[in-house]
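One chain, chain A, links the two complexes that follow: it is found with chain B in the first and with chain C in the second.
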Partner chain A sequence: MNILFYIAMLTYYMINNALFNAPNVIARNYLHHGLTAIPIGLALAGINAWLLLSVYNRFPKWTMIEINRHLCGKFFGGAISASYAALMIIIGFFMFRGSLEVIIEFLMPDTPVWFLAILLITIPLFGLLHNDSTILYLVAFFTAIAFILMLIIFWLGFKEIDPVMLKGVAVHGWKPPTVQGISASLFVCGGYVGLAIWNPFFARTSLKATLLLFVSVGLVAMSCGTIIPLAVWGPWAIRNLNLIWVMTAETLSLDLFVMERGLFLIVPLLLITGYMGVLLYIYKGYRMLDLLLNKPKATRIIIGCVLAGYVVLALSVNELKVIIRYREQYMVVWAVLQNIVGILWYALAKRKERGVSAP
Partner chain B sequence: MNEQMQSIAASLDTFFENNADARREQIDAEPGFILYYIWTITDPDFIDQQLKMPFFRYSREEYELHLRSISQAGDKPEDLPGKLCKGCAVILYGDQVYTVAKSVAYRTRSVDTPQVEASIVGPLEAFVESMAVNLNLIRKHYQSPNLRIVKFEVGTLSHITGYMLYDSELADQAFVKRELQQIDNLNAKNAQAVSKVQQYLPKKRPLLFPRTVVTERPDRVSEALSKGKSAYLIETTPFASLAPINFHDFMASMDDSYMLPVYSYFLIALRYFALFATVVLPGAYVAFTAFNPEVFRVQLALSIAGSRAGLPYPAFLEVAFMMIMTELLVEASLRVPKTIGPAATTVGGLILGEAASQANLVSDIMIIVVASVAIANFVIPINTMSLTVRVLKYVLLFLGTIAGFFGLTVGIVLLVSYLFTMHDGKYSLVQSYTAPVKFNTGRAPKSPAGGGQA
Partner chain C sequence: MRLSKAFAFGLACLLMLQGCRSDYKDIDRRQFVVTMGLDKAEGEGRFRMTLRGAIPESQNQGSSSAQNLFESYETTAASIGQAVQQVTQQFFLEPDYSHLKGVIIGEKLARADSILKYVDFFIRRRDFQDLAMVAVTDNAEEIIKLQQKGERTAGDNLFMKFGEGVNTEYTPSIELQQIYKYSLTPGITFYCPILRVQGNKITSGATALFDRDNRMILRLNGEETKYFNLLRRGLDRGFIVLGPKKQAGLGIRQGSARFRLRKKQGGLLCEVFVKLEAAIEDSDQSGYTPADLKKMAETKLNADIARLLLKMQANGVDPLFIGLKYWAKNPGSRLDRDWLDELYPAMEFRVRSEVKITRSGTLRWNNNGDRRTK
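== the complex of A and B ==
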């Protein structure tokens, strides 16, 4: 499959997380923990991508499930695959609830949450009609729109930067980062996780293209995504914000023919990335379970229950701060697992290779 | 005549009993010459000059030779009624049965200008309800020796003849084979139009989006053949169906390839904009007036609110009322006789536009929206997609009505998502024909050892 779809998948992750995940974690504490999280996270992502891609490219016809079985054995490999599937489903919920929060707060404040949740759940439900290639096309289509919207938002955001605040960011932003900050910035570049399903479509995946994308899109999106809100709001005001970019966009003044509020540029972007996020994570979870269990009907029933669980959970978990805190912890767990698996895979693949080549 | 011939004659006589337009002519009793044909679908000149008159001019041996040269022998007796219904003449001569296919003469109109797919700079020929004329037009436009024409029959009752065309060098042979198999397995009783046949060809009957492009233009068929697509035509319809296709085929006019690039790209962009506008505008009107007026700048929001100030009902009723009225108007203008069509549309347009607005039944802005939607709908060059879009806007209108801007975006994503799932074999509706889809890699192998390793 064309490498453009791989680039689109990575870019989608970067846009989504650079605007709606990482800034919350990094920006709120930048005076204490620093913007250094961005380059450190990027470097870690680069190393992790190198380790994983070298293994994925060694098994170009296999998904993560088969590679795990081959390298780690049936049970341990199965456990790793299952934990990845679970992580996909969990982050899917965070995306789902996050998107719902924006909808409730800015679009439909008077409509019952259960109704909005059911309507939103139709998108991942429809995702089950897709196959591995069509979903990539879909993501590429919406990524192109999201990318254009992101550029417009950044352009408008730059114009609102307060030079005094920017100076503060430049002076105070370079102190040792927290694990949460590093995990959040590593998460921005984590689109290559998609190879768990799509490795047979992209192999042999280009490491050069991946790293180039980390630096060109990832670094720029993450830096702008974090620095602009900081330089607009300042260190104290930003601590009290949950939806940092939504509130930042609300401060943007624009004269776009029929619109005058920047909020309604960021809301479509947020909805697109939110919808695609829920769809993509659920689909990945579904496909991983499908490959793992090899029982399509059972997998569909499980995913159906998961989606029903999303709706129920969305009604009970309604404190945005709590969701953001859990998401921070999730990103730490994900980053740790990702790095452990990267090293483990690489070591085991090397060992197997030596075993095969030994006389 | 021997006994077998007499029994065939008896069975044909029985078949002719309740067919008022069937003719049985006993030309000569010895050695036995009976001519059967259905005069409404045969050429009377051919019957006289090629079948009857030579009998009196030639010797018996010469006439037999003549018959052999224009007919085929050896048809099974049970096939003869079917042959007669297809316009053949059946001759019982001596101890032989001859079937003459050249006598067929279906009435058809002459080649006309395209009625559905107009062109400004392209050829002005369109298909008619005659396969001979249609194949002639295609062969004129596509003079490649690689053109292959496969004959088939559709309709378990109607037995309509059809042809599948493809370029043997360019077409995907597996796809062509599968299409022909599906045509063979087609279980439609009466397939009169190629649009009906195309509904039954895929394994799952399409609900919303057509799976083939139906065209009346030979140049479009020629273009499709040169891109490796296949076309099929059936006798009774002036349209050809093209497959496999992608979504852009619905939005492309033949003029695009005839005009200068900048102009044609501009027109293509315009059509996509029209598609978006016609699908989204009605839903967006309800979403932005009833749920999220804050999206617009204040002046515009106030202007819309002012325009709706005197209306006694909510925005969605206003839109639904106007949309349905417009649909009725479009449908009426299609069905009424052409002489009163313009009058009906003018009267309807005036009532809907001017009078409804003055009576405070709809807002002025609503009229602009409805007019834009209707005009944009007709910009889509392929009629089947235009009809699909006519329905789609109601889906988004419904979602915009129940959940405002959020519902509208969900609807758009669902529609796009559904569109991306559509495929015909390995050819997806949204992907390039030259880059077929790669599908799921399948189930995980039971044993990890094996061919995955590089």
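== the complex of A and C ==
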């Protein structure tokens, strides 16, 4: 498949997490931990991408499941693959609940939550009826729209920046970071996890293109996504905000046809990235389970139960603060696993290279 | 494929169902509240809320006069949430607050209560715009109910005063979201423009300054407001009266101020550099050379601005965010409430103005003195 689809996949992750994930961790804790998590996370992502891509490119026809089986053995490799599938499904829930929150708060406050939850769950269900290339086309199409919206939002955000706040944020931003901050920053660039199931589509993946994208889109999106809200609201007031970028967009005045509030631009962006995130994560989880179990019926039953679980959990978790806190912890677990797997794969692949010849 | 079709049909059914429980109301069943006034009422913590609800043009057909532009609603309560619910009884259409563009607070209420509790409500509720302008007045109800000649849409006589329509040096505009963030930022305080009704017109020309507890504490007059705006965000129009000897003055083309904070023995020194580009507009000054006028303007600016800075310092308010500026430039510094207690009161100010007379309009200026003698 064309490299543009790979770029779109990475860019989607960057937009989604730089706007709706990283600011919740890094900007909210700015006063104590500054912005150093951004370059550290980016550097870690670069190293991790280098380790993983070198292994993926050695086995261009294999997915993560097969590589795990080959490098780590049936049981240990299976356990790693199962952990990845579980992580996909868990982050799918966070995306699902986050998107639901925006709809409940800003679009349909009087519509019953159970109804919205069922309505929203139909989107990934539709996704499950299609194949890999359809999903990748969909990601590329919506990423293009999201990218344009993100640029407009950033441009409007720059105009609202308080220069004194911006200067202060830059001067006081160099403090020891937290693990959560580094994980959130690493997560922004984590789009290459899609290779777990789509490696045969993209191999041999270009490491240069990946790193270039980290620096050009990832760093810019993450810096703007974190610094603009900080410079608009200030490091003190930002701690009280629930949806940081939605509230930042609320401070942007527009004169664009009938639109006069920046909110009307951020909500479509949030819905596009949110919905796509739910679809993408559930689809990836489903495909990994499918490859792992090799029993389509059982996989469908498991995913059906997972989606039902999403609806039930979405109704029982009402506080956004709780979801944000769990997502922070999730990102730490993800970052640890991602780095361990990166090193392990690289070391095992090197060892195998010396002994067993690659297929 | 069959499964896909069945699924699409199921989804379509679900989509149709959602209309049953939604309380979505069309635009013709809504009344848009455009401005809100809050005045102090009798009783501890109670206030009177006055709303101006715009009447849509479609419901105003056949009326050529401007009488039916809006309707006002009033209620008294001790909680803003309660007041918003209470006033709904008086509407026959659904009140919609998404177009609320101005919140006017009575001076008595602003002096008695922290206005953060009201601002917090507007920011917290998703249906209120965080961009709504905030002002203080002696009687909010009077402003909300005032119908001014030439008012095209309900409330534009009020919210057009903040730069969207007229642009003056006497109105320091501030939005709800700005008040929220400034009130939560330690060590700084905020401001609001003061409006009043004078001869059936809304006039601006004073500023309310709030203390660290978000209560109004100080009032700046028109002249002070002008200098306050110059120091806060610069000016692109205005006028300096060169008095007291000469009541004529110079037109401001461009004005800006820069703050430099330095440590010195016993505290901080705040140097304020004011740069002004001015134009000669009054022929009354023809007895002076531009160099004389420049000197007079600089002396006047230095004295007036220093007086204003000392007045704010003496009242323990920092609406020019000097504390924030100091924090922004010094990596080791912390911004907290100590700024207003320790560093700010001991700060020394030094004002240095530089006036450049750049234009004399479409007429020449006689540098040698009175033109009439030529």
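Basically, the second predicted complex is superposed on the first by the 356 of 359 C-alpha atoms of A that agree within 3 Å, B and C clash if a C-alpha of one lies under 4 Å from a C-alpha of the other, contacts with A are read in each partner's own complex, and residues count from 1 in each chain.
Just so we're on the same page, a contact is a pair of C-beta atoms (placed from the backbone, for glycine too) under 8 Å apart; a residue touches a chain by one contact, two chains touch by 3 or more.
Only a predicted model underlies this, so the values are computations on that prediction, with no experimental measurement involved.
By the touch criterion stated above, A:Phe126 is placed in contact with chain B and with chain C alike. Touch criterion met: A:Thr111 reaches chain B and chain C at once.
Once the two complexes are laid over each other on the shared chain, residue contacts for A:Phe201 go to chain B alone; chain C is not touched. Residue contacts after overlaying the shared chain place A:Thr63 against chain B, while chain C stays out of touching range. By the document's definition of touching, neither partner reaches A:Val341: not chain B, not chain C. In the superposition on chain A, A:Leu307 makes contact with neither chain B nor chain C.
In the overlay built on the shared chain, the residue A:Arg261 is in contact with chain B and with chain C. More residues of chain A lie in touch with B than with the remaining chain of the pair chain B and chain C. Of the two partner chains, chain C is the only one that A:Met247 touches; chain B does not reach it. Touch criterion met: A:Trp233 reaches chain C, while chain B stays clear of it. According to the touch criterion, the shared surface of chain A, contacted by chain B in one complex and chain C in the other, consists of residues 108, 111, 115, 119, 122, 126, 129, 261. Put simply, chain B touches chain A in their complex at residues 291-292, 294-298, 300, 402-407, 409-410, 413-414, 416-418, 420-421, 423, 428, 430-431, 435, 437-441, 443-445, 448-449, 451-454.
Listed in rising order, the residues of chain C touching chain A in the complex are 3-4, 7, 11, 14-15, 17-18, 21-24, 126, 129-131, 175, 177, 180-181, 184-186, 321, 324-325, 327-331.
On the side of chain A, the complex with chain C involves touching residues 105-106, 108-112, 115, 118-119, 122, 125-126, 129, 164-165, 167-168, 171-172, 174, 233-234, 236-237, 240, 247, 250-251, 253, 261. Those residues of chain A that touch chain B in the shared complex are 1-2, 57-63, 65-67, 69-70, 74, 77, 103, 107-108, 111, 115-116, 119-120, 122-123, 126-127, 129-135, 137-138, 141-142, 200-201, 204, 258-261, 264, 267-268, 271-272, 275, 279, 291-292, 294.
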